[in-house]
């Protein structure tokens, strides 16, 4: 995976600056834009079975990839505006998840553990 | 920004493997988990004005950072399962955005251009 | 189904008025609140298979029902603030859907028809 | 507001039956479709200020109304498939909200009360 998040953040910053769109790029507005793009991503997968979604075929995968690109762009822009380190924030949540979900106890039980989902990865 | 997305993807892979949760991590399910986390992120910002959201104070920022961590974790896990390069996908969309939105013509006009939003960054 | 949407809208109006929360109930903010609640609803279903989701058991169904209540409350409040008739708006989209998706042609093909989803019901 | 939710549910049922789409209309899939439509609704409002969103002008209002129609259709279809009474569920959450948020204490304070949002209306 390409991993230059700083380079992407810088390009998004220049994109907004060149169009004088920084005024619209508040965290509130960017979170809405992110939600809109995630909605488009979800729509691409809504009628597929879970198994079909693993191997959606080239056309659907190409549309999914485009939506993932939009989601990533808004997420990185939002984090940049707020000064948040996304990868560090994810590792912090994973630290908590590893403490909370003992592998032996939760083995294969994602579906049965009530409310395991939201923060469990 | 920490930029080791491969390291994060690998840690998420190991996390799922250790708990036998790979069976639940279909793209369909992960897209839903991503939508759930983005919903929590949006909820943190819903009653703030756009200006307030730029400087939400330490407590709210800490909750927002935690949600951004969850969003990033599910996004990277989803991309990893599908074999998609998130940063490359974002750059591809930015390429298109730069061609589509001439800086001179769209300067300061995010709000006026109908339907500019969804793919415009 | 109870169908007094006007009574629900009126109760929500009184609830907001009694707390002086009308100032926060802009369409923008309410749409974000709606997105947050839909995120919680989606999270309840994310690890279930489609078949399991048809019969989720009493505990999960009770949590889903609570989320559907939140979603309905924010949707009706948003429509009330904007002066939109939700049921009429849905019928208008169904009129279009019936014209667009000839039953003979689209029979059983939701998954195959590319981009059929978003507006197809 | 038109309030015949049963009539709408019945029309959606017939629409799905005529196309043999009942097989795709699991609660899981319908919740995803709902999330997709809410994403489109949020996208219509993302660059507007809260004040602008109160009076978005005829063109934007017409697009918002169409999205509200889609959201309503999928919400009613989802509730119908699960056997949930949406209006009763909303009233139950309002009962809880009225007990939880004493008008005198929470007057005008939506923004200050931490985590008031999600279930507060």
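General observations
Each chain carries a letter (A, B, C and D) given by its place in the written order, and its residues are counted from 1.
Keep in mind that, in the parts below, a contact is a pair of C-beta atoms (placed from the backbone, for glycine too) under 8 Å apart; a residue touches a chain by one contact, two chains touch by 3 or more.
Everything numeric here is computed off the predicted structure, so don't read it as measured data.
C-beta contact counts were set side by side for B-C and C-D; C-D has more. Counting the residue numbers used at the interface between chain A and chain B, over half appear in both copies, so the two copies meet with largely the same residues. Between the Cα centres of chain B and chain C there is a gap of 24 Å. Taking each chain's centre as the mean of its C-alpha atoms, chain C lies 3 Å from chain D. Looking at chain A, one finds that residues 24, 28-29, 31-33, 35-40, 42-43, 45-50, 52, 110-111, 117-118 touch two or more other chains.
If you sketch which chains touch which, every chain touches every other chain without exception. Contacts from chain B toward chain C in the complex involve residues 24, 29, 32-33, 35-40, 42-43, 45-47. Every residue of chain B that touches chain A in the complex is listed here, in rising order: 1-6, 8-9, 11-12, 15-16, 18-21, 23-24, 26-29, 31-42, 45, 48-54, 56, 61, 64-66, 68-82, 84-94, 97-98, 101, 103, 106-111, 117-119, 121. Of all the residues in chain B, the ones that touch chain D in their complex are 28, 31-32, 35, 42-44, 46-50, 52, 59-60, 110-111, 114, 116-118.
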